[in-house]
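Quick heads-up: structures coming right below.
What follows is a pair of complexes built around subunit A, which joins subunit B in one and subunit C in the other.
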Partner chain A sequence: MRPLDEDETTQVLEKLHKYVGSNLKHLIERQATDGLDSKPGGFCFRLHKQRVYYVSESIVRRATNIARDKLSSLGTCIGKFTKSAKFKLTVTCLDLLAAHAKYKIWVKPSAEMSFLYGNHVLKSGLARITDNTPQYQGVVVYSMSDIPLGFGLAAKSTADCRKLDPTDIVTLHQSDIAIAFPTLTIAEGTSRLLKRPPSLIPFFSQARLF
Partner chain B sequence: MASQEQADMSVSNLSAVRVEPADLYAIDLGNLMVFDPRATISSADECLVKARDLVQALNDKLYDLPATIDKVGRIVTLPPPSTRLPREKPIPKPRPPTKWEVFAQKKGITKRKRSKLEYDEQTDEWRRRHGYKRVNDENEIPWIDAKDTDAPGEDPFEKLKVDRQSWVARKSRKKVHSSIRKQLREKGGKGAFPFLPVVEGRGASNKEREQLGNVLSKILARHDHDILDVGKAVSKYNVEEESKRAKENKKTGGKGARKFSDKNRSSKKGGLFNRKSGGSRAGGSKKPAVIKVTPLNLWGWGVSSYLKGLVQLGSPQFVVGAWQRVNAYQMTTT
Partner chain C sequence: MPGRPGQPRSASASGKNMPGDGRKRKRKQTGGGGSKFPPLPPQLTDDEIEVSDEDLEFVQQHQDYAGFMAGLDSASISRQVMGLKPDEDVEVYYEKKAKRDDSSGPKPGEPVDDLPVKTLSGELQYRKASSANAVDATSISMEDRRTLVRKGVTVQTDDVAPQSAAESTEQDSKGKDKKSKMEQRKELKLARRKEREEKKLVGKAEKEPRIPSIPEEDMEELEEYVDIEKRRAEMRVMMAGMGTSILADPDNNLGSLRQLQEMCNDRDETISQLAMLSSLAIFKDLIPGYRIRPPTEKELEMVVSKEVRRVRDFESALLRYYQTYIQFIVRSAKSRSKRMTALKCICTLLEAVPHFNFRESLLKAVVPRLMSSDDDICKMCSSAIISIFKDFGKHGGEATVEAVQLIADLVKLRNCQLRPEAVQILMYLSFDEDLVRESTLASAGQPTSKLNEKKSKREVKREKKAKKRELAAKLRKEVQSDFKEAEVLPEVREFRKQQTLILSAVFETYFRVLKTSLVPSVQRELSPEEEKAGVKPLGPRPLLGASLEGLAKYAHLINVDFMGDLLDVLRSLASGGKTSEEDEFADGTTTVWERLQCCIIAFKIVKNNMDALNIDLREFYVRFYNLLFHAIFVRKEEKSGQILAEALQAMLWEGRHTDMQRAAAFVKRLSTLAFHLESAEAMAALVTVRHLLVRYKKCRNILENDGGGTVGGGIASYNAEGDDPDLSGALSTILWETSLLAKHYNPNVATVASTITSITDSNSLVLPTLTPTGAIREFNSVLTKVEDSSGKPKKKPARRLRKQPLSEFMSSLQKQHKLANTDEVSEDVVKPVEEFLTSHFKVMKALYS
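Let's turn to the complex of A and B:
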């Protein structure tokens, strides 16, 4: 586990900036309100086995006591560096993105399942979209009950969305929560999944030190 | 009779040749170091006395060096140091072999030089290996024998060309990966790093936060399309300056209080060599002065003080009471 160097930090922040915009400042300067220490610290990024984690400082301090090969994960895994040293966001970052997203898309209940199966969002499935979304802007996809389903790319700007056919693609699918829980989706049914509260990925959000 | 006298004189002369204890000290002028290998010290007082002797010996040796007279006193160029100090860091480990080196060693592949010219059997002449009219140029193949496995309608020349192109593409991709791996290797792999993360006790060190802040501001600035508000920028800068100054003042214990800042010292009492009375010796008297050693300044002077370069020899009259650590900068500044 080590902090990121300058190039890596640039890559990570650029990626996050695509979805979160100027709220990136809030994301980085956030203070951990609840934690293991009496005085809450901030958050930081750590690289462990090519994966980037967004961890609170109190947890990072404790995680240094764990051997490198024994440490599975810590904090929130926001993404990973591929073999050719490019940074890719994973869906486990969704909680963080959803909390700070600038441009959002709400999807009709009828199109939720389609999105969770990996399809793009069509105009017919689009319920709401934030104003002045530029084209190809990173967006977070929500269900009508404000549960973040995943993130993607706005294929058309807000103004252009009005002129589209119902079968035209509005949002390009990049990642959705069904990727994280494929067995859950199939075995337990989507209704159960979708009725869960917003912090949908508690498994990955909290510190996992073991 | 005469021989008896001579014998007496020779005996008495023997006693006159006495080895000075100072000659047996190991004096390294380059490091300003003096070491008595035979010393046995049992008490603190004895230590002081011994140290005084040692320093006196060193001083005598220093005065023996050729000196130039400057307006501040004698300037002496120290000889190069004679003691070899041990390595500070361990011997560097040999570089780990690359993937190819390991493979080549295993297979027994050795490097061999290729000649520029190669003999082409088809044209019975010597042709160059690469370039214009090279041996085995793929564009110059006159015919390719048909095989049973060839599908009809497939152009074997075209196939050769496409195969070659794909090979070139694969090679360049591999080169990209290997360059990344080479960079990582040179950076020191996953170990080397510009700053230590957990040195300061909290999760993220100041340097890390600084780096993060810099990268963040760069990214935000790049994507910020607003017109620059000069008033806002100026006030932001002023606020930052104020906070920085407040932090510095807090460190030095209040406004204007400067307790032990080095830059003031040299102007006050001077270093170990009080420059005020140095003027009287500026003429460069040959007689070395006696060094007064007290417990307070013993620490500062020490028996082995490490100074490089020029040393000003003014009057070696120690400042009693306020010891000051000897460092090269004090000694050489005017």
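Let's turn to the complex of A and C:
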């Protein structure tokens, strides 16, 4: 576990900036409220085994006591560096993004499943979109009951979305909570759950997948 | 004969008491030639004396007594009495005598030639009255003159009515057309109105000569005045005559219009104005219900029947006169003195005959006057234009297009520095909603041509038949197109085109205003003469409010393509057009209320175009969230409460779906603000809070949150002063405000606050029916009655005590204290104080401990 070097920091922040924009400031300056210390302190980024974690400082202090090979994870994993040293966000950062996202789209209940199986969001499935979204802007995808389902890129700006055909792509799928879901469910041996993931999604979303 | 000038004093007395008498008197006077030596009857020749039967009888009865008269030598008697020479006629003598009397020269204002005037109706008008009066005026004493002034004037004014009345009876007997009758009545009314005005004038003039000694100059002025009045009266009679004659037979008497127009150019402004008004009345009735098209050369060459020629001549003459008239009134609308009358004429013409030729020049005269600093003129012009907008059936919409385009040009020219009325009147436009739909115009089937190289006999036959059929179809088409032309209603396509033109001009105006409002403008300084004239300074953005209202009204007609740009402009207007936060409310930026209006309109536009796409206007929510704070501290305008309620309604009440975080943030902020708002506004805010909590179950966490926590999706603590509602973390706080508001002095607010707290308890929720705007409307008016309603019989006095605001309570306490006038505070004073203060601070303690 080590802090990110300058190059890595830029990569991580640039990637996050695509989704949260100017709210990145809030994300970094955020004060931790839970923790064992009387003064919890802020949050910071840590790199551990090619993965980047968003951790409160009190946890970092405690984690230093654990050997590197014994430490499996800490805080919230927000992404990982690939072998070619590129940074990629994982779905586990969804909660963080959702809380600070500037641009959101909401999908119709009929299109939820399609998105969770890894498809792009089509115009026909689009229920609502933030005004003034530029093209290729990182967006967070919500269900109509205001639960974050995943994130992606806006394929078209809001203005262009008006004129699209129902079959045109509005949002490019990048990651969704169902990615984590199969592994969990299979581990538990409840394959039946696979058939209706959305009803369980709130539970997993709230439970923080790390 | 008290009215005779020989007895001036009694005449003046009777004239004062019985104004109606004047007419009779005058008639007798003019008939008798009213000279200075009335007792002798020699002017009358034998023919003039009417001998009644009674007279004859009398003479016959007393024949014996009158016998001596036969032998009288009248010549010698008159010589004896007057000193006449035997060959001199009595009339000659009188003339001489008169000459001797006024040998001082001709009087000022005396008509030079005494030739009679021939009126249009063919009557000869003698100038007896004036000459007689003129003679009198010089030969009698000053006091007599004063009487005369009064008498003369009343006579003049009265003269019009009988004449026109006589004419009207004449007309009625003819009973040819209704129009002339109506015109008669109008003329009569006009005459009466003038009469009244004149009387007022006279009333003013009358006071002056009552001053005991009148200096000589004043006398001259008076005489001039008398003269002017006389001339006016004559002119008025002439105008009335001309009017009736024209309307009785427009074909032949149209030439009188020229005379009337010459009168318009009269030096005397009153006469000119009267002529203008009477021409207006005439034109209003004469103008046909169609637009006159000048015949083309080809048409002129053709031989036409007598009737057609007559109609054509009449039309061209009318057009010519109308043109000169319009040119005149447009010109005189620029002059200072005749401005109001001319504008009145223009506006009336626009309202009455908007379909007729030269409408463009009328509109061009009216539209720029919308920016006039004179309120009356502005009002008159705007009402004329509104009437054009409203009954477009009269002119088929063309005038509307022209007017709207002129307004658009005016706004462009003046760079939006205009009175708001110029844009407000656009609200009166009406658009046909059905026209927005695509009109299904059946396209004619393409004629299929078969080109066969080889044609059998049969085919040739068939082809012939087909040709015949085609011919018939062609004929039918022609007939159909003829029918279409004859149709009264304008074709749908034409109508559509017009509406598109109007709409584009209207939106051009609105967008221009919005665009110029973006630039922080410095208020234009008033020039000194404008300030003197009491011109109200226009605000930095005089048209913005009106434009925003208009945009809200026509939001459903805006093309979806424009929507993006429009929202961009509104967004930057809502944020004050500046990016830096420090001088957010510096001079020259939009006010809080204007910004709120921008937000409202953005929501209305999006709502009306909901079928296109459901858009989440996040930016506007953020703006609104911040503006809520400012709304309390900025100076209030009259409509501020209304605007606030409208914003709440448009953004939070009607919005289909909002983020839970955001909804919670608004719930929290609104209930915090409810402390600072007036009770009606607080009511609106609380009603909105209740609505949000009922609608979004997730938000109810805010009611029973114990110890904060992570319900807020990552944001663990509430940031009360944050700019972004999404990041406020309101879900991790608790809505303690409602329990404090339940003790609000206004019972209505208290009730709503307590229902909010108990939302989670009650399972069966009745959706609230009271909307924010409704709340404002209801409680702004009810506000004064709150005191009464708080004193309902079921309320206990102890409760009422608690509901009193602290300051009020203290002041009443002080009064009591003074009454007691003792140093030590008595027990009955201390007890309620303790009770009040403990109840008041109990909540506070609970909050902060």
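Simple rule for what comes next: the second predicted complex is superposed on the first by the 182 of 210 C-alpha atoms of A that agree within 3 Å, B and C clash if a C-alpha of one lies under 4 Å from a C-alpha of the other, contacts with A are read in each partner's own complex, and residues count from 1 in each chain.
Here is the rule we use: a contact is a pair of C-beta atoms (placed from the backbone, for glycine too) under 8 Å apart; a residue touches a chain by one contact, two chains touch by 3 or more.
What you are looking at is a predicted structure, and each value in this text was computed from that prediction instead of being measured.
In the superposition on chain A, A:T167 makes contact with neither subunit B nor subunit C.
Contacts of A:L24 after superposition on the shared chain: subunit B is touched, whereas subunit C is not. Once the two complexes are laid over each other on the shared chain, residue contacts for A:G41 go to subunit B alone; subunit C is not touched.
Within the superposed three-chain model, A:N65 lies out of touch with both subunit B and subunit C [touch as defined at top]. Residues 176-177, 180, 190, 193-195, 197-198, 201-204, 208-209, 211-212, 215-216, 218-220, 223-224 of subunit B touch subunit A in their complex. Chain contact summary for the complex, subunit A toward subunit B: residues 2-3, 5-6, 9-10, 13-14, 17, 21-22, 24-25, 28, 41-42, 44-45, 55-61, 64, 83-85.
Note for the complex: subunit A touches subunit C at residues 23, 26, 30-34, 95-96, 98-100, 102, 104, 106, 126-132, 144, 146, 158-159, 161-162. Residues of subunit C that touch subunit A in their complex: 560, 563-564, 567-568, 571, 606, 612-620, 657, 659-660, 698, 708, 710, 712-717, 724, 727.
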